[in-house]
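Presented sequentially are two complexes of subunit A, the first with subunit B as partner and the second with subunit C.
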Partner chain A sequence: MVFLGGQVLPGNVGRAILGPFADQRAVDALNHSLGVDRPLLTQYGSWIWNFIQGDMGTSYIFRSPVAPFVIDALGNSMKLAAVAFVLVVPIGILGGVIAALNLNRPLDRIISLGGLSVTVLPEFVTGIILILIFGVWLRWLPISAAWPRDAGFFTQLYYLILPSLPLFLVLFGYIARMARSGMIEALDSDYTRTAVLKGLPWRTVIWRHVLRNALLPTITVIATQTGYLIGGLVVIETLFRYQGIGSLIFTAARGKDFPVLEAGILTIGIVYAVATLAADFLYSVLNPRIRLGTDQ
Partner chain B sequence: MTEPAKPANALELHDLSVAYRVGGRNRAVLRNLSLGIGQGEAYGLVGESGCGKSTVALTVVRYLPRNGSITGGAISLDGQDVMKLDAEALRRARAESVSMVYQDPGKALNPSLRIGRQLTEIFELGGVSGQAASDKAIAMLNRVRISDPASVMQRYPHQLSGGMQQRVAIAMALANDPTMLILDEPTTGLDATVEAEVLDLIAQLRQELSASILFISHNLAVVSNMCDRVGVLYAGMLVEEGPTDVVFNDPRHPYTVALLRCLPRGGQRKDHGRLDTIPGFLPGIGAAIRGCAFADRCALATDRCRTELPPLYDLGGRLSRCHYHEQAQSLPRATPSDAAASTPKAAAESVLRVEGLNKTYASHGHALRAVKDVSVSLRPGETLGLVGESGSGKTTIARLLLGLVPPDEGGRIELEGKPLAARLDNRTADQIKAMQIVFQNPDSALNRSHSIRHLISRALKRLAGLSGAALQARLDELVRSVRLTDRHLAVKPRQLSGGLKQRVAIARAFAGEPRIVVCDEPTSALDVSVQAAILNLLADLQSKEHVSYIFISHDLAVVRYLSDQIAVLYLGRIMELGPSENVFAGPHHPYTEALLSAVPKLDQTETSRIRLDGEIPSATNPPSGCVFHTRCPRKLGAICEEQEPSLAEAEPGHTIRCHIPYAELARLQKQKAVQTEPA
Partner chain C sequence: MSATDAQTSMPDNTGRRGPWAEVFFSLLRSGTFLTGLGIVLFWVACALFGEHFAPYDPLADDIINALAPPSAEHWFGTDQIGRDVFSRVIVGSRDILTVAPLATLLATIAGTALGLFTGYFRGIVDDIVSRILEAFMAIPVVIVALLAIVALGTSKATVIVVIGLSFAPIIARTVRSAVLAERELDYVAAAQLRHESALHTMFVEILPNVIPPILVETTVRLGYAIFAVATLSFMGFGIQPPSPDWGLSISSNYGMIGGGFWWTVLFDALAIASLVIGVNLAADGVQGALND
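After this line comes the complex of A and B, so read on.
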């Protein structure tokens, strides 16, 4: 898809690289050496074949193999995603659980409404506001995510807090809402009634009977969001000048650097697929109904 | 049975009032309810849905929904005032003295915990843990007659059948040796044979345990078999109370009288006349009631009834909340009994003929024979009843006939003498029109966002091809024939009660003047008074329009009322097929015999019941020979395991699939003197 899209878009690769004043012959020669004058299907076939073998092709702009760029960027994105993930998943679930346990009381309203309001704000708005508050005004955190060379783990972490906050805000409301509705459903269920009527202490009812059933659907949601955390960060990475896969794709798209663009997007696709697969796997492990099937 | 150290009553409700907060207002659900259940006594609470039965149960254990509150009165459980208990004391009361079992055991058990864990945690509360708790759990499962309890302990709820799940739920409820056991519709939704097993179990456990029982059910026959005393609840008030047999045989409140008349009893059939109904509706929750709650629906009501709330008159060991309790039984019928039933013309050509119908599904690489070699024929104006436990193929047959799923190659379906294509897509518009269906749940069958007028007109447009004035005229006629009024046309389905919604569904099915209407459990979700009205309606429409029905129901009395022919299905095979009266009167197939025997009857004449052991075998791996031999109480021997018997003619038009010769069946069944009249 991306491959076709890149081909259909107006513009000529050689022309884009060499600039508008270059000689037409030079452009043709460059196009030939890059292989972009070959028939479309041949190009596609060789590209896919090479990708499977681990060769992502050669960048048009940097004139070097694509793979190191993509892998580096992916690594960086994963760091950012990991920080955001570690922040948002426990807090989001906790928020949802607390909201459900205080259903329709002020605490629930604050969490639900607050979560929803920050979720609907796009990350470039929250990102800028957070930069202004923590980076410019309070000066607690660096406004750029680009940490100095040879920075240690904690320094990197320090640089990543501010960029991960907008992600946290986007996902918090979402995860909290899922956890909340899962909890409400589980609390209203007949098996919870059974547990309460057995005379179990409230704490046992929640921990043993409610939580596990309540959070199953939330896990699926979280996993699909993992894909977003890694692949959908163009805005955040640009805003914080962070060398992740989102900004790599963005740059590549502007420069018509198709090998990089295609490799980047395919990589994100793979990450999505793997994350969803992992979620399904986790779900089936936690859910005996799927794990064991029916006895029929 | 009273033990001296204990208070006289295990449960005592005094002037209990409960309200639900709906739309910012407290609406009364229970109104000054007082009742007492003695030590070791089984008390039945009956009434239609919405009368507050389950609210009573939930109030006793203080588990009302968030919007529910106790607005007055007192509950005393084993001498303890439940209302005054703090959270911890309430928890202890639940752990030690009261237990509850409710409908739908599949939901009542935690889906992600093993059975063993769910049982042992109860013993852990009592300070028993580890192996000792497991041993106790196994003993408990043994007690509820679960064979191989050790393996059941390791399973998850979804790996057990409905009957097993309910046994486990009962085991959990009895684990703390409660003084009060609340059973809220414990067998509703289970198959008749499974229901019979669970009821037997409860009856046996009653002998072994000292627990008092509050048994809540909409099924009068179940209550009459299980309980010593019964209370009839109407609009949150007790309207009648007394010893079970006395109340059911000699009711003293018009509501009880009317309720009992709604049931098709003693083999009543459509050509004997219509069932009685109860006009009007139950007052909604929170309705202001000045006089007698039932006055609006009672043909005996006078001005006094409408203005003066009758007290619970004490009639010597029984109570009735009716000013005119002596006359209750002279309540005139709400629906005249005399209605001409259609008699199928003997010589008439079959409207439907099915031959050699098969359906095999592929299930995880195995062939699942959902329907095997089914042949039936149906004459105009005749009803074919399909009965059998769940999984017997009733609904699959309906779907095959309607063309919703294609049957296997080779079978034939003929409609009015012409072959009918297997798939709906290949049928002509006329053929589609000729066969319609009414589903069990009118809620999901009607589009919620359309008005009733739109729903019915659309069917008239699509099926009858009508428009303009002709459509309007037919709409009026149709609406009148299902006894809806213009008032109902403007509203959306959610504003109608279940019975009215089912009328809309019936009107829609009749829009195209069908030849055959498939009724798939059309009254299962309805209260008995509403069920009676729907059955009457179906019978009336049949005699007027000469339409044929294929009627699927698990309720044998209902099937008997409407059917001319009955097909008894087991694992997709017809085990017995014949005229309704012959099938019911017997001699019948051993499976039919067991099904009939499993039905709880209002007049407790029968004490011994034929029990079917085990569960329906899987259709992917049906037993060899006669598929019923694994559960058959009359199994002959090797022949049943090796050879599948054929459907042999027992008497003209009545065929039975059994190795036992007909004369022998007659002798065996007469010997047992099994009473075959269902309630």
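After this line comes the complex of A and C, so read on.
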């Protein structure tokens, strides 16, 4: 059922995303008298066909093909998102687990309340405060994400720490909260009691019995946050002047550069669909109760 | 959750206090709620009467004193054309506190109606509407807003409609699950047997009993609406200059942050942070009081 949901949803997402900008295509087609005489559906069809073949159209502003822009930007955004994810997933889960193991003690309060407070703040607000602290006052980190040309891996990483922190903070709260409630539920369950009663060491109980069950819902949450992350990237990339897919879409929207806007948004839709599918797949690998296919 | 909520909200003639009075008193005992409410009321007061106690006109420029650091005259310093940051922060609460609540209200009305219809009729109507809503929920608000603003132009009304309609499906989902539980209860069957119309059953019989989850969802959404409005005005959509709006001020001043002019953005950022946290604390309190 989860798998079915994952398959139906991306299909709809694609259509929903295409809906609004099919209209703008009509509008811009009139403005630029590009294929005005063709019916909307034909334009839309040929656009999709070209997109599949790797031709994303020509930018109105740069007067050059869109595809290289989108691919470069997507690569940059993925670097940024990867840094944020690599930091937040283990730390968020660890935070939630520690909170659950110290349920209702001060440590749990601090993690829960702190996580909740930073999660509800807009990214640009935490971003500004972090820039002030680490970039302006302490001067530890660069305040812009634009690294020098030919920068190596570690230099790029150094430039990406500050921009990834606001994303980290927002996601940390969600992931820690899910991990915490999953842990509490698992600790409370009959199988944990059985494991403790049959004399297994506490460490084994936690690792083998509690964690495996507790982390399942957390993985689902992490996957649903991909959608959020894309929205967050638009803001963060603008704030840090980073050449990613978010700032590409933002600039295109401001300059009414429709081919770039459409290509960017369709790319995001595809990334989202792939992420959702990957999450379903991962979920089924980790949960022996749900298996894909028929080999029962 | 919805079944027990429904019981608490039904008229209770046997108790000494009505169910809403219970909720009210448990809210007054909740430190979380009172702290949140205090913060929110402070900013509401600033929005309503800000000009009367702000030391300077938030729009008056004074180029000679531009970018002055905080001092006794200008507590929070001045911005790049010499406007007093302290006065701007106080009056800056006005736009966000108009746009965000209106957007939440729109989301609540649309979401409640959708939730009642899908939950009450179920079947194919429910399936189709729910799939569409799910698809809609998958797109980030910022992206929807970008598209809508390109298509419709930027204005406060566009922002209200975009945020309202983006949040409506989420409220609809909550209302729908509450209605699904309610419609199995005897009083709904009784109304149907009396040949009440579907509209009457939905809005007069069921609606009063699903108010608690709607209330919780609305307060939570208000927090997210403030988040979204602040973000959009930072991106330059919706609220327009010369409004002293916080997000807008940050976006016009953060370019100089490298020069060390921290006071032009820090106080606006802290103002947004306090308002968002205040609303979320209050929402947490409401949730706690209604779920007891």
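Basically, the second predicted complex is superposed on the first by the 246 of 296 C-alpha atoms of A that agree within 3 Å, B and C clash if a C-alpha of one lies under 4 Å from a C-alpha of the other, contacts with A are read in each partner's own complex, and residues count from 1 in each chain.
Quick note on the criterion: a residue touches a chain if its C-beta (ideal position, glycine included) is under 8 Å from a C-beta of that chain, and two chains touch if they have at least 3 such contacts.
Please read all numbers here as calculations on a predicted model, not as lab measurements.
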{"item": "Which superposed partner A:Asn213 touches (first subunit B, second subunit C, both, neither)", "value": "first"}
{"item": "Which superposed partner A:Pro122 touches (first subunit B, second subunit C, both, neither)", "value": "second"}
{"item": "Contacts of A:Ile249 with subunit B and subunit C, given as first, second, both or neither", "value": "second"}
{"item": "Subunit B versus subunit C, judged by how many residues of subunit A each one touches", "value": "C"}
{"item": "Subunit B versus subunit C as contact partner of A:Tyr272, first or second or both or neither", "value": "second"}
{"item": "Subunit B residues within the subunit A interface of the complex", "value": "61, 63, 66, 87, 91-96, 98-100, 102, 104, 107-113, 121-122, 125, 156, 158-160, 169, 172, 176, 618, 620"}
{"item": "Sites on subunit A touched by subunit C in the complex", "value": "8-9, 12-13, 15-17, 20-21, 23-24, 27, 116-117, 120-125, 128-129, 131-132, 135-137, 143-144, 227-228, 230-232, 234-235, 238-239, 249-250, 253-254, 256, 261, 265, 268, 272"}
{"item": "Touching residues on subunit A, where the partner in the complex is subunit B", "value": "103, 189-191, 193-202, 204, 208-209, 212-213, 216, 286-289, 292, 294-296"}
{"item": "Residue ranges of subunit C in contact with subunit A within the complex", "value": "131-132, 134-136, 138-144, 146-151, 223, 227, 230-231, 234-236, 247, 250, 254, 257-258, 260, 262, 265-266, 269-270, 272-273, 276-277, 280"}
